[in-house]
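Labels for the chains are A, B, C and D, by order of writing; each one numbers its residues from 1.
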């Protein structure tokens, strides 16, 4: 997407829309989706009112919803952090990047539905609908990472990723796909499958170490 | 709206409020409207809970709502992208532009109601209420495009549109009006009428090509 | 709040927090409040679904809610525009300005409740609860305008208001108080009382003209 | 986190992500949480409609919800103001700061659930669930304040806190923990326990005075 005319080199990304407004828009969508995760809990309050429950009873009655709220909050917060770090390398928006980013947002918004489903029926039966959008978010973020690595027009004057970051992004999305496969093969593991996510940080540190000292 | 006094030329748009805060406000409204499209799905979850459905049953039961959510998400995402590109040429806000932009936001917000209606009753009977606000959004964006083309005060120091962009905006809004007319004349075509939207990109490429090579 | 020490004059507002983050936060709150005005319409959709209504029936059934949504949208849009113009003269935030601005936001958020009330029970009986927060918003914006006029620390390096803008702000809030009094004295006038608002623009032009040509 | 290599000193925070996007994201989450506090009132409107109440009856019927809405609005507004002032000293985001800030947002979002609970059942029985997230927000903000005081990497080129601000932050969070203890020991004091909060401003002034004139 860069052109040379004679001795002059056209700046990569020139003419493409600036990424600032897309980053801001994405932040707003994620912030809303993160906050709306509380909605299923809000809607269940009227029931609690009719029963005149005390603190312990409220917590017990809403435990599945509180658990799915906390878990989804952590997952979306983590996705936002990955998005934040990846988009620090984006200066211009191509239509491929735009489409991938909107598909990513679509799955972030869909997670609200999954969270409400899982909170109202906390069996492993609907776990697929919960892990599915997460795995898609992970895959889309990997695709975005690869796109940025390859497209000078997207990066503009910004530096490219260090190899460790590309690896980290692939590991992180790979883990969600792993959870998805685990749920498909062994539905009995239930929510424990999501514990795989906590391997993300140590795995990334391991890979970063290997990339820095390839002699090992 | 520009004045000359002696040899000096008053900068176009000087004295008018800067457009940044309006762009930001519009982004926030669209981001919220886009995210809230999930609400009808959230509200239907409590029913699913009482029936103890599995994944396939949930997807079947909510198929109309999932379809209208996905369709409206794509439409609003597309509208935001058009808004983004058009407002890159806006530096100052006149009251005419302000009123047109708020009318555009009004229809974007109204689309949530239409989406909920269509999702709860997926017959072509209410299709008019779904396509109506879309056609109005398209028409308002065309009016905004023409306003920017003609008003130096709005553009300020920014360049005007290339003719291809004006044509693209008119084609895009024309297509939604076309869908509206199709629904009015042939209500039987139902949601298939919205497939017309996918003509937008090829038509715009065709027009852009013609404008560049008028000899053809 | 400005101090002189010897021959040097401390810059007004130095040490006070910058206003940018408060402006942004206010924009976000107003954008959310504006978009959530659609919620009562969203919640009434499930009823429509059970009756299998056609387009005309849906519009008739929801006419009171659509009317109160459109009216409140226009009112909040107008309040935001006034806020936007007034805060162009704010560089720093004092605690008085901060408290007044949060009280203003409180009433903007409360308008959602009033709109839902009036939409579900469109008699003049609850009109007081609808016009009340509007009158308070108007009064608070007048107080903010006067505060900015008098406080150099708030304006910082920005110019003060032209007298016409101060007059415009007072007229605008005075009209809402007028509507409130009208509703209190003559409850029978109902929603027609809100037509007084449309006097705002011509009255402001009249005053601006007088201030420019005081000889008249 | 700062390194010296020979005579050169690496700029503190270099390489860490810039704090602007996190500040913006936090603002968006708080703005949404603040505005959604109105939701329990919105949802109760349909009941009012069926009873054809007048203004005084509506206010009486919803008094507990209006009270908890107003109280939570004031509390969240206050938390945002503290966040605003504390983060004026943050230039870069370390992962510790990131985690603490997301935990703070989690409790801000959770306050919506508590507000709805308390509004639907205004006894002191659920007061613990209302004061709990507030006390956690206070403690987390104190931890963030201490982190900023100690980490040059977080502050970057920005100045550190004056000691009075650190004291103010600790007092403010200490008061919420005090309310929590009071509610645990004397549940009978009910909502009056929250009046302790109003000691925050005079206590902070007292401490600021002491720190300035330690001779007293």
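Heads up, the rule we're going with is that a contact is a pair of C-beta atoms (placed from the backbone, for glycine too) under 8 Å apart; a residue touches a chain by one contact, two chains touch by 3 or more.
Bear in mind the structure is a predicted one, so any value in this text is a computation, not a measurement.
Where chain A touches chain D, under half of the residue numbers in use are shared by the two copies, so each contributes mostly different positions.
Per-chain Cα centroids separate chain A from chain B by 27 Å.
We define each chain's centre as the mean of its Cα atoms; on that basis chain A and chain C are separated by 38 Å.
Residue positions 24, 28, 32, 36, 43 of chain A are each in touch with at least two other chains. If touching chains are joined by edges, the resulting network of the protein chains shown is one closed cycle, each chain touching exactly two neighbours. Contact residues of chain D toward chain A in the complex are 17, 21-22, 24-25, 28-29, 32-33, 36, 39-40, 43, 98, 102, 105-106, 109-110, 112-113, 116-117, 120-121, 125-126, 128-129. On the chain C side of its complex with chain B, the touching residues are 23-24, 27-28, 30-32, 34-38, 41-43, 45-46, 48-49, 52-55, 58-59, 70, 73, 77, 80-81, 84-85, 88.
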